[in-house]
Amino acid sequence: MSKILRTKLLLPVAIVGAVGLTLTACSPGGETPTDPTGNDFSGQTLEVAAAWSGDEQANFEAVLDVFEAATGATVNYTSFGDQAATTLGTQIAGGNPPNVALLAQPALLQQLASDGNLVALNDATKAVVSANYAQSWIDLGSADGTLYGVWFKGANKSTMWYNADIYDGAGASVPTDWDDFLAQLRIVADSGYAGISIGADVGWPLTDWFENVYLRTAGGDMYDQLTNHEIPWTDPSVTEALEVLATLWGTDLVQAGAAQRTFPETVTEVFGANPQAGTVYEGDFVAGVITGDGNSTVGENALFYDFPSINGSAPAVVGAGDVAVAFVDDEATHALMEFLASPEAAEVWVPLGGLTSPNQGVNTALYPDDISRQIAEALAGAETFRFDMSDLTPSAFGGTTGQGFWQLMIEFLQNPSDIAGIQQKLEDAAVASY
Amino acid sequence: MSADLSIVRGKQTLGQRILGFFSRSVVNIILIVVAIFWLIPSVGLFLSSLRTVGDSSSSGWWTIFLEPTRITLENYANLLSNPTITGSFWNTIVIAVPTTILVVLIGSLAGYAFAWMEFPGRDWLLIAVIVLLAVPIQVALIPLAQMFGAIGIFGSVLGVILFHIAFGLPFAIFLMRNFFMQIPSELLEAARLDGASDLRIFFTVVLPLGLPAVASLAIFQFLWTWNDMLVALLFSNSQSQPLTVAIQSQLRQFGANIDVLSTGAFISMIIPLIVFFAFQRYFVQALLAGSQR
Amino acid sequence: MTQTVVTPAARETGRGDADRLSRRSRRRAILIALAFLAPALVILGALVVYPIVYTLVRSLFDASGSTFVGPENYIEMFRRESTFTAIRNNVIWVIVAPVACTVLGLVFAVLMDKIRWSTAFKLIIFMPMAISMLAAGVIFRMMFQESPQLGVVNAGVVAVHDIFVDEAAYPGANIRPDSGFAKISGAIVSDDAVNDGSTVDVPLIGIRADSLPDDVVNAQTAAPARAGEITGTVWLDFVRGGGGVNGVIDSSEAGLEGIRVEAVDNAGNVVASATTDAEGRYTITDLEPGEYVIALPPSNFDQGYQGVSWLGEAFITGVIILSYVWIWAGFAMIMIASGLSAIDRSLQEAARMDGANEWQVFRRITAPLLSPVIVVVFVTLIINVLKIFDLVYVIPPGVSKPAANVIAVEMWTVSFGGGNDQGLGSALALLLLLLVLPSMIINVRRFREERSR
């Protein structure tokens, strides 16, 4: 149900600090590059906004508490759900954006930067970022060569979650590649459970499927070209990826009734009280959904393996994340950005669970369990890492409920035989949006 | 009114009385069936609020009767122990009460003018007001954000209230105008001949006679403001977030949220239902007044 | 009415004076009217009309808002198929929902007067209005979910259906692919016909270990068939971990007891049948010499009736309209009830005394007196339905979202939902305003009639 919720009109929230804007630099202290504790921002209020709610919000607030304790500033957090663009757009129009927002879509960062709404990182923060982040994350946080963003949170979207009880009962094992993956799903299906549960209520999990397959069949360079629409969606490489997908989608390995199933429901079908399927694909956040449902235990019967290799492809990860950007140019805001870029900030949240940090300075021993450590290491260790394509494309194409990439992948799941037709529709939608 | 009925009944023949009994039973049965069907979704939502999210995702809410031991108040405890939720109650009242009072007042004044005053272009102006009913709230978000930002009320409760008043007025004017049309013109003429000013007539004759409409308008305006998310969330600030925002901030990004939503729905329903019962009295009063006239 | 407010004193003065006086009093009356209207007009002008003007201007610019494109957005709007789906759905909505809500509200309000528990009834019908749209959408989506385990409507449908149909022994079981059988409308049927005297083994899969009986035994090869017989074994062709040889009865594989096996002749008639024993063996006897197809009828595997796909493309708009009626009938009822309570009851009582029946009282007296309120309710609902948004946004699953689309949702999707093309979104918003006009023009005439009364 959550995607509905994410989608809904829960429009959310805002931010907006009444006081935040009026801040003027009043800090006497000098800055130390990796530690903001040298600053005193007592009496200042910073507004921070992100999509996080619930536990993630509580954990992020714990991070902000450390900053508050060190600087004396007050930091208010608000959640805008999945309506980042609307909320921030309204607040910018009203002249009252938050000091810092965390965005899930690099495309939004690009747009806000080109509209002149973002404040570039200062030299101190830049130094912290380049010391701690891989070049691919730095590039993702930049627009036109200027660094605006700090990737505070990462996500590994190449994880295949399976119910170990069902796999054991069927005698299925962790697959070695795509063909073996289909064979293991067949074993699970023969044992009376559906091989895999897929939800087509919204399109984003389906675009993630495509991206993982395409990254493996076509490689990183083609992936980048397709992302930028330098090659058309009618390209043979897309045909190949869709053909691979069609070896699974539309077969009886997929649990019946995919059309109306939401993403959380697919997790329940595999890890709920009465499981009906053996496997579910999505990113590392599946662990949180399993824990929230409470019927299975991550690390015991809820385990994952990497998205299978196709035709001998090297380990590849499709990732996502949340990037912090600043809207206000004052010392307190810069200090907060610098803090968020430091390993110390991430290390507050990492032991609490639910954060995969792209920050290389973070001590991986702090991850609370083996599963989250494996996820983080897979993210860091991938030979090929690419950001979620649908978040990089114009959002009219890659990020809109009911149209474009999302809706067409739903259509493809319904009818996987019409590959040429779906390619043409994807191309048409892309042409209209770029 | 009951007195009137008993008089009427006294004059009925036995046959008429039996007929009346059956027709009343038929009405009772029909309305009981309607009430049951109408209750199903609310009951489903309520029972869902008494279950853990894991239970809700694996079986339907009606199975709660099979395992009554699994009923839990945990969802309510979670939400009510959250200081942002409890604190936001007051914020919601601060937004909803002034909005309701001002919409009723301004709308009634204009409604009276449209109903009983003569001025050029009146009908067309009224139609223009009604057409404004059709303006989707979404089109006003950006222009009003800019305007409120320019005059410095963006992010304040005042901005939220103004927004709600503006979008509540077309309906209020339309309703009050049509309701005031029903007032017998002799009553107004009599008041005028007594030399009462329009303002005095409005407050002493028109408004009291329109009390049932005022009550229903107030209920619905309060309800709409109370349940609004879009406006309050975009136009208020983090210090004065209303209940709807506080509940939304408890939603999980990827999980099922039926526990939070159902519990939140019933918590946030309390005040509107109190308001409903409070105004319920005015319906009854007006009804008695009507029969005594 | 105000224009007739001419004091008796004025009437007695001379003609010129009367003209001057009435002109002055008319100007005065207009000023008073303006004073009454001023607060409303100022707020509406600044906060509602201004956004319309802004929208009008914005609709002539492109997505970025910096380039003037003239009518391009309007042309683009009508180039999109989704716009027409949205208009079509809006028309369905406008025809069905306001009438349904108003009629129900009227019936409830009138009947409510006749019961002792009217306050409770009013509360029950009113309550949906007090539930947030989001929660209401979620509960309707839950109720109409396809799975009978989760959706109460399908649970009811299936429960009724199951009264008439027995439960199958091995629901959901399937045939091992490429084993010479096919699944035809629920039955497992051999591809080729065989002569009597043959042995036909049937490998099944897809049966969970925990749904086998506790005393399950390993499958055994059936005895060779004699003339006039067909024998064979129906077994679970599955070894944990996918071992064994598919289509061959391996030593550890379970026999399936109690499966009905039929012999079907060329004409398609079932001529004989048998049921498998604990080892999965069956023997069909008393066959005339000839060729027969072996079939396992659906009753062995029937997963039961799975209910109706309410949230599919066919029914989705109906379900959303139902949820709307559930919420808004309470609005119509409360409004009409408040209108009723303001009516002078003596007229109705008088009519009853004169021997009028309830229907006549309603039609001749109550309904005409109520009409101003009914008009408010009906017109408000029409307009409200035209800009229906939240329920359509929340209820449909992704597959049926395009089928359920309405203009307000399309506008939101285009301008905020990711597209961020507020130029096109503004054009859609103005289309919405235009669609209101027909119902308004009908009402203009109504207003005039009321006036002339």
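Letters A, B and C mark the chains in the order given here, with residues in each chain numbered from 1 onward.
The criterion applied here is as follows: contacts are C-beta pairs under 8 Å (C-beta built on N, C-alpha and C of every residue); 3 or more make two chains touch, one makes a residue touch a chain.
Values in this document were obtained by computation on a predicted structure and should not be read as measured data.
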item	value
Higher-contact pair (C-beta pairs counted), A-B versus B-C	B-C
Central chain of the complex, centres being mean CA coordinates	C
Chain A and chain C, separation of their C-alpha mean positions in angstrom	33
Euclidean distance of C-alpha centroids - chain A vs chain B, Å	40
Centre distance in Å when chain B and chain C are each reduced to the mean of their C-alpha atoms	25
In chain C, residues with contacts to at least two other chains	133-134, 138, 149, 389, 412, 416
Set of chain A residues in contact with two or more other chains	1, 5, 9-10, 86, 89, 262, 274
Per-residue multi-chain contacts in chain B, two or more chains	58-59, 142, 229, 257-258, 261
Contact set on chain B toward chain A in their complex	52-55, 57-59, 141-142, 145-146, 148-150, 154-156, 229-230, 233-239, 241, 245, 248-258, 261
Of chain C, residues touching chain A in the complex	82, 133-134, 137-138, 141, 145-147, 149, 172, 174, 176, 205-209, 211, 237-243, 309, 311-312, 389-390, 393-394, 397-399, 401-402, 405, 409, 412-413, 416-421
Sites on chain A touched by chain C in the complex	1, 4-5, 7-10, 83, 85-86, 89, 111, 169-173, 183, 186-187, 189-193, 200-203, 252, 257, 259-262, 274, 395-396, 399-404, 406-407, 410, 414, 433
List of chain B residues in touch with chain C within their complex	1, 4, 8, 11, 23-24, 27-28, 30-31, 34-35, 38-42, 44-45, 48, 58-62, 106-107, 109-110, 112-114, 116-120, 123, 125-127, 129-136, 138-140, 142-144, 147, 162-163, 165-167, 169-171, 173-175, 178-179, 181-182, 185, 192, 198, 202, 209-210, 212-213, 215-216, 219-220, 223, 227, 229, 244, 257-258, 261-262, 264-265, 268-269, 272-273, 276, 280, 283, 286-287, 290-291, 293
Sites on chain A touched by chain B in the complex	1-2, 5-6, 9-18, 47, 51-57, 76-79, 81-82, 86-87, 89-91, 93-96, 262-265, 268, 272-274, 285-286, 288-289, 292-295
